[in-house]
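Below is one structure; the comments refer to it alone.
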């Protein structure tokens, strides 16, 4: 299957290149009759831009599927013009392989060496996901399902109490629940900016009020589809939910979540997903992103003929996918959960409670 | 979409319950003309059984899609009878919610409380994946693509040199590359067995000779589909590839893989996948599994009416998904890679090199 | 995508060859809690056999997905052993291309020349569809949706009042609404049997009580998916719904269905589907099947080396796909409608009536 | 699955309403490196417009997936602005159910009564298919596969020699192979225009040089997918391939296609598809379309409250889907064949000829 769509019943198809005339998407399968808060979606895009080096107004043009501010059940298409594409930024290094960057593998797979931005592999493509996720989030909110993400690690600075996210997240751009840690994280970003370096990060995501039973065994487990959703984001290197990686060192007698009499659990090591199905507890997971590969300093490399060369980026490049990626993690989560909620609706019926 | 199929062009559909008459599967989309080594598949199933508490001969009955030992291009169906299903093992605890176990969520989703084994949620379902993966592995081997998995952590005992797996893996049942560490891991398993406890583990997987270009941007990245493949395995809690979780603490200047003049890379922090496409380097990733939730000791719980109760498993239960899960990780990897290889074949053509 | 599955949310995967050990299928996505009337499914298979030359007991072995006679929401797998496979019937003509038959094209596509029955291309594969359709029909009946098919043409003998099917259909094996015409049709079949010839037919199908709104514009129109469902049956050559082929010669002033005040229509030239959606009127359509290509008389042909030869079938072959195909048309219709009904459930919500 | 996409490996996603700001589409899965002749696509759209009542410049804006006139392997998005949308044409009849028209069923399904044009159900949506099909046709032409369609019936005037299409098709706008019959067809269209009536038609389509083996048994037969492709076009009521409907009255001894020594066939009653696979002979089929339901004369109807009323269309409406639909039939055929050709590439390998 062609790879630019995600979701079965609620499906986003993404198109457009970083330095083409626009990026855009088509949302197919959005139920009819939902009133859309367009300002809320614009606000997320504005928030994203606050730390971005490339300034883009990100004016969304809604093309179809809406009438009087409501969804019609028809595909919702939108485009966002690229206004700030300085191709000349890239021409001087036109034939260099950029370390840990898409250009070599795209060249080999597609037979084209597109030196101009990074085309579809650019982080700019994720704006499309944020817009589609904005629609999905509004559908979920009608059912009180709420998705929030947090920066919980940048470089060696980590917030270790995740998923206990009560605190200061609303008060700093990184959405780190601890204000002092947020400051330290910002220091690292600033240091990278000065050094022409970049840095990795870990994002945590929490979903409240998810109904029990989302997920379709055995392959389309909710955990498996969330993993795919998040690992499809640029630079993602790892995904865990619930106790996650620490599960490797735990014993069953420590790890098991015991039941209360109301069928809630005393602990939530499973992170809200049991046997691949949402179990009614809070859903939480983390995603780790590698440092952005484009550095504003010299790197050894080779050109397309194999000759050694030195590459130093120009153009406008962020030093960390955080905080912009927060909105992308929330968006992919929202799309994935909406798709599963529609499947849940499809299969539930009056016979199964007989 | 119904959730019991995985893959688009090479697709496995799985069926059967742990304590039903059989488990089985249908492989659709296997190219015609491949000579199948059935003994190799049987050997993997025998190997799996060596540490298993439930003894099953796992006799595969091949039902279709084969002629004179070769694939015909038609769907390959198979069943494996369940011979050792002691339903009475389960009747005494018929109405108890088992901690961290599927029975409560399945009951709520499907309206059935199946106390009998754990139905589709049982690890037994993974045998189907191993058989289908066995076919996929043989297809991949024709192109010299080789998949191997290793136990790299059980409880607090870890092999920390992954993906450097040269060593003793062939000589111990856990396929741990270090013989002494393997002994310590086995000690933990033995201790669990004595204590009625269980333990988590981490599995590493390495793929050699994968061609460049597998993966379909932007959603069906090879990394995203491998994450889904592996996270769909029972008890999986985390997935990482390449440098993985450590990427959060790294700087771009440390993490980037620099190119050699032959387009290979000096390091392989990306784990063989760049921008979602295989880049021709060795592919490696890890998967973490939680402890098996069924303990042979008392656990507090509630019954289906919410009354407190004590649950102590009977039946036959393993203490760790390793080493059995090694074959499942390899199988899901093989199915995922075969599916992507067929897509690669579909899209490549003579025009892209013009 | 591999081609042996049909449906998205309610999906049948079919496997098995005509002269292999069995045929079978997996139904994925059947809602939980439905009580299955197995006798009803067996009765359809017995009915099918009454005119068949090859005698098969068609004993269905249900393998999974059922508990205490109800669906569990898990995949429902089944196999039907082939008991009556006289391979020797085919060996004498092992290297002949059979006119209008699958063997040449399968050979070229898959590189195998399977002279043994016709493998997957045999009409025997349709038994799998009938079983899966039997489950779907019972799901539909819970909602009072009723599917019935009729033989309306065999050779030059036609029942021309379709879709007015009140009458004698229950009293003759062809389910022709007119008893006298049914006799004439049976005479043609008998003549074919005597002459070693075969004959084509047209089947009509009527669905009552279908709710309004099934079908997903613009590509997955109900009419388009029914066309695919029916045209995927062996030997199908044409599909029409409502006024069908006669629409080419009609004027809009004749063809339009005018509305009554209760939103029903005065005529039903649209056959229950308007703009690709069921409109609440009776659904009706026809499917035409070519004569079975295997004749019990000499036909000129060539062998696999291109040498001229004469082929005269042995084996046991029907003279017309009717009446056996009646159950297949109903089954594919039931599968298609169930799949669309689940999609309808997925997308409907409380917001769309605001 | 959301219904606005067609194809698996080569997939078109369509969006936009008749009287919205634009219509458009995304083509995902087009192989890289194909030089596109944009003028050829524009020419088809211009040709379409020659008989259309609504004048639209149909200026295609290509948004992505192209570089220096070649496909890049990335999704190809395009929009076509609607310039000529006189919403006021529709307001006077805002609450009337239009006979045989989408508005009632869309209202019931989606909860919206869109009186404004017919939204997605308008024939205008088919322009998107024509553009996507234009890309597909160019891919097919690289392999010498050629698709041509013909008007073979309008009302009572029919060209009866189809698929013998040698003749005058290039010299009349209806592409009827016989010039005198074309004149009679045009007379009928003119008569409808004078009478405020509309008329049905039959379109024939011929594909030359299709390789043997396209189609994936047993459900994704080439014939089944072509039927779906064509029956998804607005107003389609019937589909047949090869001998088609006449097969019902034929005997096997008449209908079978006998082989020549070179494996070609003496006749082509199967229309180029045998057992669901292309067999290397010329592919041909027909599609019947009902009269356009919007008449420029009074029709009895009811309003949304069930009160009787009279509807007389204003707006700009064609009298027959021909000749515009010729390009749509070719386009859907091209998309379907390209999708199957990519699947064929996926599964073919060196092992199957061993």
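In order of appearance the chains are A, B, C and D, and numbering begins at 1 in each one.
Here, a residue touches a chain if its C-beta (ideal position, glycine included) is under 8 Å from a C-beta of that chain, and two chains touch if they have at least 3 such contacts.
This structure is a prediction, so every number in the text was calculated from the model and none was measured.
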item	value
Shared chain contacts [chain B and chain D, defined touch]	A, C
B-C against A-B, pair bridged by the larger set of C-beta contacts	A-B
Mean-CA-position distance for chain C and chain B (Å)	38
Rounded Å distance between chain A and chain B, as computed from the means of their C-alpha atoms	26
Overlap residues in chain C, where contacts from two or more other chains coincide	1-5, 8-9, 14, 29, 32-33, 73-74, 109-112, 120, 217, 343, 352-354
Touch-based graph of the chains, sorted into line, ring, star, complete or other	complete
Parts of chain B lying in touch with chain C, wherever the complex brings them together	1-5, 8-11, 13-17, 20-24, 26, 28-29, 32-33, 63-65, 67, 70, 72-77, 79, 109-112, 114, 119-120
Of all residues in chain C, those that touch chain A in their complex	1, 8-9, 29, 31-34, 73-74, 142, 217, 342-343, 345-349, 351-354
Chain C contact footprint on chain D (complex, rising order)	1-6, 8, 14, 97, 99-102, 104-106, 108-112, 118, 120-121, 125, 153-156, 158, 192, 197-202, 212-213, 215-221, 223-225, 227-232, 234, 236-245, 247-263, 265, 269-271, 274-280, 288-295, 297, 299-302, 306-308, 343, 352-354
